Amino acid sequence: MVQKFGVDDVRGVIAVAPTPALPGAAELTARDTVDLDESDRMIRALVADGVDGIITNGTLGEMATLTLDEWQAFTACVADAVSDTSSDLPLFVGATTPNTRETIDRIRFLRDLGVRGVILGRPMWSALGADALLAFYRDVANLFPDMAIVLYDNPEAFKGPIPSAVYAELAKVPQIIGAKYIAITPKFTADVAAVGGRLRLLPLESDWLAAHTLHPETSLGCWSSSALCGPQPVLALRDAIRSGDVEAARHLTHRIEWTYEPFLARTNFGEFSKYNISLEKLRFDEAGYVTAGPVRPPYHVVPEAYAEGARENGRRWRRLVGEVRDSDS
Amino acid sequence: MVQKFGVDDVRGVIAVAPTPALPGAAELTARDTVDLDESDRMIRALVADGVDGIITNGTLGEMATLTLDEWQAFTACVADAVSDTSSDLPLFVGATTPNTRETIDRIRFLRDLGVRGVILGRPMWSALGADALLAFYRDVANLFPDMAIVLYDNPEAFKGPIPSAVYAELAKVPQIIGAKYIAITPKFTADVAAVGGRLRLLPLESDWLAAHTLHPETSLGCWSSSALCGPQPVLALRDAIRSGDVEAARHLTHRIEWTYEPFLARTNFGEFSKYNISLEKLRFDEAGYVTAGPVRPPYHVVPEAYAEGARENGRRWRRLVGEVRDSDS
Amino acid sequence: MVQKFGVDDVRGVIAVAPTPALPGAAELTARDTVDLDESDRMIRALVADGVDGIITNGTLGEMATLTLDEWQAFTACVADAVSDTSSDLPLFVGATTPNTRETIDRIRFLRDLGVRGVILGRPMWSALGADALLAFYRDVANLFPDMAIVLYDNPEAFKGPIPSAVYAELAKVPQIIGAKYIAITPKFTADVAAVGGRLRLLPLESDWLAAHTLHPETSLGCWSSSALCGPQPVLALRDAIRSGDVEAARHLTHRIEWTYEPFLARTNFGEFSKYNISLEKLRFDEAGYVTAGPVRPPYHVVPEAYAEGARENGRRWRRLVGEVRDSDS
Amino acid sequence: MVQKFGVDDVRGVIAVAPTPALPGAAELTARDTVDLDESDRMIRALVADGVDGIITNGTLGEMATLTLDEWQAFTACVADAVSDTSSDLPLFVGATTPNTRETIDRIRFLRDLGVRGVILGRPMWSALGADALLAFYRDVANLFPDMAIVLYDNPEAFKGPIPSAVYAELAKVPQIIGAKYIAITPKFTADVAAVGGRLRLLPLESDWLAAHTLHPETSLGCWSSSALCGPQPVLALRDAIRSGDVEAARHLTHRIEWTYEPFLARTNFGEFSKYNISLEKLRFDEAGYVTAGPVRPPYHVVPEAYAEGARENGRRWRRLVGEVRDSDS
């Protein structure tokens, strides 16, 4: 079997989706908590609305807190929905676990389902040194020559960024085609130089215009969890960037930043990292595009002040969706 | 069933044991990697030599990298060896996983085996806020009224210390009887005050004398992974502290510090945290008390300069074992 | 007297200049170490070449290590050279000291010289809380109604960034017209929103294009110490941004980034912060636009590997100056 | 001239004194703010009460915020009071400034006054790398063969601890006889080993018993700013440690810890570092042993909640002084 997805498939709007939960999913004794109907509906809606790719089971996708059975059920559901609606849509399913062997088992399961893309963070109980980090990704890639890997570069979750020198080495591995990148800083420029176009660094949607201005040949896509509040604003941003309409892209970027103003991810990222799952699911529920439902333990606890900021973010995003629709018509 | 172990059982030398691995255990495709014969022998040796308690499956015990089958097999083996040799020895088996529900399943397995003690870190993909951290431990304790819990307070692994205010609350939970504590700093004093004797803070063996000097009524035990290089020096330290022989205790503490001089845990703790499993198993193998064997991926990669420091630590400890034996005779 | 410079004067290329030193300036017993001839020549060259403003006596300008006499002599020389050549050029002289009262004395000296702009970091022996930081800048501004203040926002030097909420308050003070900003991160966007156009945030020249793309109305200038390797590339970047020639601006930005590749400020900013003065002066000397000379103690010590990276940065910049000249002709 | 103080003079209770301020000293226009009468009285009281040494002009001694004139006046006053009352008392005056040359001038002034001890932190605008840090202390020591130097090792103020390897080198310099050490951690043990008895590491008074238990030959003194709330409890601790009365020493240590309970230095050291001067002076004023007076700007701003904790610390200390007196009689 050959690799299905390459670096050129990491483009446009890659939506980062939650794992919808049934009522009661926050209970300690709950089992089979995935809302499979809503999961199916969510994927079909994203495809119908025109996103260019989907990531599941990262941090907000509750990779850490799903049981194996639940992850398998959700993954099968998502894979079905995608293959039903779009044979070519890049789907990157999370397979991050506390160790290499369990991650390999997860990827094998995905491959058997027909999934050909994975998003992969590294084991994080102990931080991995640069040498071990490089070995981890290489080892996994070698075992799955036909599986496309998007790096999950989240310094809070995985105890440090992927060093530029490691990016340079990972870019040589054909299966490694992209990275979900955290923020635009001087290191971003160094990493763009390090990967030399062989691996696509995906910024957050609100950073995309700045990244594209500097790197128009390679900065061809973004990731967005806000897209699960409704993908239209991000799709409009994509179209503006693609057509060279900088003024429209700038306006959309500013409006997206406006939705983030009350969101903890903007005002205090370190603190946000402790409550990210709850805050993401709360804003999704408030925006109404997907019913994300309860949060699995232990991440179901969240201070109300933070929760309200997330809900306001969801309300603002819903208003922004309206603005984008109005300007289209 | 009533709780078997209480705060008074957290005393003396609590040895922190590895999970011995068969040759080839560092391979990605390896399965059933636990060296059960050596595991059985190790536990019996510790009991025979007189340690006062055993902790398994923390960081160096490879909790993060054992498969579920392996953890079950090792745990059953350890439980058998303990119950065979000492019906009362406090055994605290690790049950830390990425989420609450899986941890509950692990503890249920332990209880069914007859194990009555657990050492428990918290989920660490996302750091837990103080409220969520407290809820996590309380939730677990509530489900297992007969299971004694030792907190695993490792700020590097779990993304922050247990705050003093949380210690104060956790000390009110009868099942929570101790904490494996990382280092003696001003916060240690605050935490001793916070728990008010209801929960025993266990320092590292080389900090025990200082802690005992300040808190003779409550500082009645220590943890020691060095004990797996041979428990005799730590047992001699215990006897010196118990008998009030400060000069002997001080001498042993200084000799133990001498063994640590080349060890990365002393010279650079942040860097040590990336390679702790490999470095612990290497020094165990060099000291010769237990054959710890290979390290499971991805933590099997270690720079040689660090490895040599660990081996030298093991050699020094072996020499210290000889000194202690000589002075006994 | 009324305020001479306002927010609209913080525009274009603001060059960050060193304090040229005579041979022997690294000696402990040296006094009167400023090379006043070279200082005069440097300022006249910058003005003649067309920079839009000048900053002196920040970190690389050795504010911390000049004696009071030297600072006064250098400042008088710079003020003369500027007033001789351009009555309107915004000049911002550093007046950062360990305390408020000494800073006030410095600003009084500047005002008596006719200098009407100051760049001001905060006392840094103990970090200042947000309340104290706000009070510090307000107190100083109140005493000097006719003096324009540029904030020096260097989180490494002054132990933390200026919080967004403090920016919002400082923007209300008419004398505070700008900030030398460290890097483009999500906080930059928050701070742009916080100041509402009343205070100009100056990015580094290589971040200017990205900042300008997002904020074309307010991102009208940059700071550049590289300009002291020869200002032509930064001036060309300014002209490209002003004329809307994004392709040219992007090309220049990429070439500037290329010069930074071997520079420690790019590869390890934390480490760079320990050796910044030496590394800046070394690259200036290598590029040849100004003879910066020796570094005053204790910052004269620098590892050779770092030094060579700085020199290579200087050589690359000199080559870039040539490229810009060639493309002009 | 030969060195007057050696390592054996760094013993007992070294009191860390403030610089008493006259009313109005927090004003920006204030000059000559030192309360010289109170300064003289304070020094004479400390000597009369039996402290074994005095440190002035560190962080809480407002080294950063005194004008040169004020520092000279205070220092002359202190030197007079000491020489008047005790020709042999080790006095270590602060001479930390932003650069080497100004520090040299300060030490020269001290020497001319007859002062033979200095406490010296390093320049902190830019952090000093290990090589530069070593060179700084060596350079200063070489210029003053007769001046005894106590290192001021405050990682918050000076941007990092003194590395163990640097301690090993500094211990070889005869003039460097001690260090004001921040806290008892594993690095303390490494540093004790590194200096080999040639340089005395002074712990805080509440850490002294633990340090002395481990290192009875070398841990012969402590520093204490609490002594300026009344030195009696620390002197009683000294006597208990010297006489081998561990139970009394432990009791006093616990009572001292009790006074610290409401103090920000205990509950949040990072936050304390922003307000340390105000909080120290507030507790001194509350305890009543010295009238420390207002705080010089910009460090005069302090949140009331923190201030109240400091006052309560002062009240508790005063009560402890009473307890010690009662038990003496």
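For this structure, a couple of remarks:
To keep things simple, chains are lettered A, B, C and D as they appear, and every chain counts its residues starting from 1.
By our rule, a residue touches a chain if its C-beta (ideal position, glycine included) is under 8 Å from a C-beta of that chain, and two chains touch if they have at least 3 such contacts.
Per UniProt, the chains are A, B, C, D = Dihydrodipicolinate synthase/N-acetylneuraminate lyase.
Source: prediction; values computed, not measured.
Listed by label, the chains touching chain A and chain B alike form an empty list.
Chain centres here are means of the Cα atoms, and by that rule the chain farthest away from chain D is A. If you average the Cα atoms of chain C and of chain D, the two centres end up 37 Å apart.
Chain B and chain D, compared by their mean Cα positions, are separated by 39 Å. Separation between the centroids of chain A and chain D, computed from CA atoms only, is 52 Å. Of all residues in chain D, none touches 2 or more other chains. Chain contacts here close into one cycle, and each chain has exactly two touching partners. Chain pairs recorded as touching, per the definition above, are A-B, A-C, B-D, C-D. If you check the complex, the residues on chain A that touch chain B are 28, 30-31, 59, 63-67, 97-102, 104, 122-129, 131-132, 135-136, 139, 143, 156-157, 271, 273-277, 296-301, 303.
Chain D meets chain B in the complex at residues 164, 183-186, 189-190, 193, 206, 209-211, 213-214, 216, 246, 250, 253-254, 257, 261, 266-267, 269.
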